[in-house]
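Chain lettering (A, B and C) follows the sequence in which the chains are written, and residue indices restart at 1 in each chain.
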Amino acid sequence: MSTKRLAATAVVSASVLVLSACGSGGPGGGGGDFSDGKVVLAVLNDQSGVYKDLSGPNSVKAVEMAVADFQEKYGEEAVVDEIEVVAADHQNKPDIANTKAQELYDREGADIILDVPTSSAALAVATQAKEKKKLFIDIGAGTTELTNGQCNKYTFHWAYDTYQLAQTTGTAVTEGGGKEWQIIYPDYAFGQDMDKSFTRAVEEAGGTVGDHIATPFPNDNFTTFLTKAASAEPDVIGTMQAGGDLINLVKQYNEGGYAADGIELAVGLMFITDIHSLGVEAFEGVQFAEAWYWNHDDENRAWADRFLEETGTRPSFAHAANYSAALQYLEAVQAEGTDDADTIVGNFEGKEINDVFLKNGTIRAEDHRVIHDVYLAKVKSPDQVTEDWDYEEIVSTIPAEEAFMPLDQSACSMGG
Amino acid sequence: MNEILQYTVQGLAAGSFYALAALGLAIIFGVLGVVNFAHGACYMLGAFAAAVLMDLVGLNFWLALIVVPVLMFFFGVLLERLLVSRLTALDPLYNFLLTFGLSLLLVDLVKREYGVSGQPYTRPEILGGQLTLGALRLPTYQVFVLVFSLLVCLGVWLLMTRTRIGMIVRASTEKSELTRALGIDVNRWVTPVFGFGIALAGLAGVLAAPFRAITADMGSSFIIILFAVVVIGGLGSIVGAVVAGFLVGLVEAFGQAYAPTLSQIVIFVLMAVVILIRPAGLFGREENA
Amino acid sequence: MSTTTETDSPGTAPAPAGGGPALLGRTRGRWLLLAAGLVLALVLPWVIYPPVAMDIAAWALFAVALDLLLGYAGLLSFGHAAFWGGSAYVAGLTALHWGLPFPLAALAGAGFAMLLAWPIGVLSVRRSGIYFAMVTLAFAQMLYFIVNQWRGLTGGENGLQGVPVHFFGLEAVETDAFFFYYAALPLILLGMWFAWRVVHSPFGRVLVATRDNPARARALGYDVERYRILVFVISAGLAGLAGGVFAISHGFVSLQEVAWQTSGKVVLLTVLGGIGTLWGGIVGAIVIVILEDQLASSGFEGIGIITGSVFIAVVLLFRRGIWGTVSDALARRRGERPAAEAVSAADGEEGL
């Protein structure tokens, strides 16, 4: 039953005395208050399924990098000497996520759970976090519910959500001239959510959405839907499909030759790993929202180089976000001198942060949405690619305040 | 009108995949009495083999249409000899369970080796673009898939009706007790027939490679629809499998066009109706119901 | 259906009801076994993480329900997720909206599963063998799509979140998985006891007769189809009870519960444990749930590689499953004729 102990990154015994002194005199004056005398960070994500490449084992690596950086930065000044990173696989199933979250909090003594892609799994973990009064920072899931109807005191949403995806792509593509849209979306909660968000964003930017075409999920044949959408001769077909379904749709869009008719394809949710697996040819010219891109600036690139050394691959936004969340959590622990969840929540709320992932970041106190600058990316053409993973061109930056749901629209009440 | 024609062709093209794979399923069932749960996994393996061989040795699409089914044939022969044959004397449910276990194993082996993201695949340039017929415009590749699989189905039909092997297979499919009673040695044909059925699933997979996402899970929902196809067509019927395959493709396309959210349910409703009215399937024989 | 008519599907499963002389040793053995099983059920959450223990108990009842159908009536349902999952949604909804105490919610779910099973059963028993498996699978898929579509009620892909545990205000049970286990265990044991009663009743004996030789059973005046429909509905009810408890214990219901993979999983663990024994399903549940839990934690990729290969090995080599194989070996060591052989030696191992 024991969760895999990936790395017990403990700083060694010689410093114990010094450290305990440090702890009590620590900046936050928390009195060296640590459950089990250590801090345990748990990464709960998909280690084997569809999101394995996007987050998976390399998210654990990213969190380990954060721990190493923290220990290097503070050395003997650190308020806690033993920091442990554990990981578990939720296989994208909410029931497994639910059980694993309980197990991590109760048995592994996890002080915080990180990552958790798949909305249904993330919502299950959020419920556990609320019940156990322990921290949860979600990175991999997209549902706005985490910071709306189902928000709670212990849950934070760090990287992206469906509202932000629509706001980024919908607004930017419309303003770029794609006025008339057709939206194809998978007919389940995520897809419906995306359809609504995109429609609002497109209309606010002065565009119109013709048909909203619901498709089954999963589905491998989109030709009928594409024919239907294209028959209205729109400027843009917006697709909210993800993963394998997205690949199906893109292949069939290419076969249909719609690009030559001047019908652009805008993708609601897409990751750099999708481009990597299918090749830039298939996605060339497609526009999508990116929460972070490894080759955007020198700071990102330097971190991505380190990540490459550790893992042999370039980081996705989720890897960078996991690093950022773990690091900021440890910084908060350092500042407060405790791993007590309520104290850390107090430290987090309203905090402004700039790190490798969060640019102009703020942890909103009201709904625990972490807002930060995000980007509209465009897939390069094959001859523009100069190295492995160099697939994206950042078209524009959307400032933090504009990218995420305004507070007055949020249905979150932290009362519970 | 134009749209209806368009949906018809698209539906038939989608049905091609079902027809080819269901044909393989029906032939295997006919001669061995085995419902191959791993048929979806074999479809997936066919697509993967095409993608992996292209990546490793640059095998192009045209060659893959020949090489991959041959490989899958031998894979099928191996499966039959090593596993399936050990259970054919027993209740066919055992082989149903065996192939169910096999599909779990194959899918996760592929996942472990190649991950879960899609594999890249490039189709030949000549199949790109669109064909224009009056106001009708269709992706060339879809038309190719449709024509190609119709030819394959026709070829299999000729094989079944014009050759001795085919006669034996057909006879044992449709009247197995009688065939055996006549002293025809059906057993000699069991292994190659199994291989042939698997090869057809693999061929459907190769055809899917340029057009669909090549992932380890691509066969998982495919096999469920395939079951509906053979139940609608009648398990023991070769013609039924093909006709029902195209029919389900059409139902799917028109369902998607006019009642998108219901399109998946419609197939199973159709199946339920068929069971109610003709328990043996559209082309099955009533006495074995 | 050319090769499998229902007449040639004899079973290998032992029929405890009619099986063998009631030797003193065996009777005592059976009581000891029962006691051991009960003790195991009681200490499980002490040795295993309680939520996992609850999963084992729920899956064990699910497997027992399937075994009732597969082992005793010879019908392989590949659509039992419809009943497990259908009940899970009903139990979740009644707990969520009406605040039903969880045992009532689970029973409501079980009732719904039986209502659902009746029409499906009537249609499905028209065919046996492989057809039955595929038809039940298809009906379960229909329910899957309906649940997925009916978002307003079911939460669609997000699942039904935040299902509360109500238990007459007893806070320990409502909040602690350890105590919840003990509150839910009676329901599980009740379900298992009911299955045992069915098997050991005259009804159960007729059932085994319809499995072994439907034509003969018909000739004796039994309405084979009615027996099959009835056992199908009972099996669905028990599967539903298990699914309801499972849903409440997790605090939510996901689409996974009605997906065909869940139907596959329960078949897998029942066959793995050994069919036609009821105990087999319990053993299968223990093995598979623990294995999955361990593998999920160990970072091993591809659970299907292990479960798939083990399953293939069982189907090829140990068709009587873990329970059947072990109990035969034990019986042989004691110099008795294994129960199973006594019953089915004449048939040879030809059917499920």
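Here is the rule we go by: contacts are C-beta pairs under 8 Å (C-beta built on N, C-alpha and C of every residue); 3 or more make two chains touch, one makes a residue touch a chain.
Each chain and its UniProt protein: A = ABC transporter permease; B, C = Branched-chain amino acid ABC transporter permease.
Just so it is clear, the structure is predicted and the values come from calculations on it, not from any experiment.
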item	value
For chain A and chain C, chains touching each	B
Between A-B and B-C, the pair with more C-beta contacts	B-C
Euclidean distance of C-alpha centroids - chain A vs chain B, Å	39
Geometric centre distance via CA averages, chain C-chain B, whole Å	32
Sequence positions of chain A contacting 2 or more other chains	48, 52, 187, 216
Numbers and ranges of chain B residues touching at least 2 other chains	111, 261, 264
Residues of chain C engaged with two or more neighbouring chains	145, 149, 301-303
In the complex with chain A, residue positions of chain C that touch it	48-49, 51-52, 55, 145, 148-149, 151, 155-159, 161-162, 175, 177, 246, 250-252, 254-257, 293-294, 296-299, 301-303
Of chain A, residues touching chain B in the complex	48-50, 52-53, 187, 213-216, 218, 220-221, 223-225, 227-228, 231, 244-248, 251-252, 255-257, 273-274, 276-279, 281-282
For the chain A and chain C complex, residues of the former touching the latter	1-4, 47-48, 52, 57, 87-91, 93-96, 98-100, 102-103, 106-107, 119-120, 123-124, 127, 131, 143, 145, 150, 187-190, 192, 216-217
Residue ranges of chain C touching chain B (in the complex, touch as defined)	1-5, 9, 76, 123, 126-127, 129-131, 133-135, 137-139, 141-142, 145-146, 149, 260, 264, 267-268, 271, 301-305, 307-309, 311-312, 315-316, 319, 349-352
Contact footprint of chain C on chain B as seen in their complex	30, 33, 35, 83, 86-87, 89-94, 96-98, 100-109, 111-112, 173-177, 224, 227-228, 230-231, 235-236, 261-262, 264-265, 268-269, 271-272, 275-276, 279-280, 284, 288-289
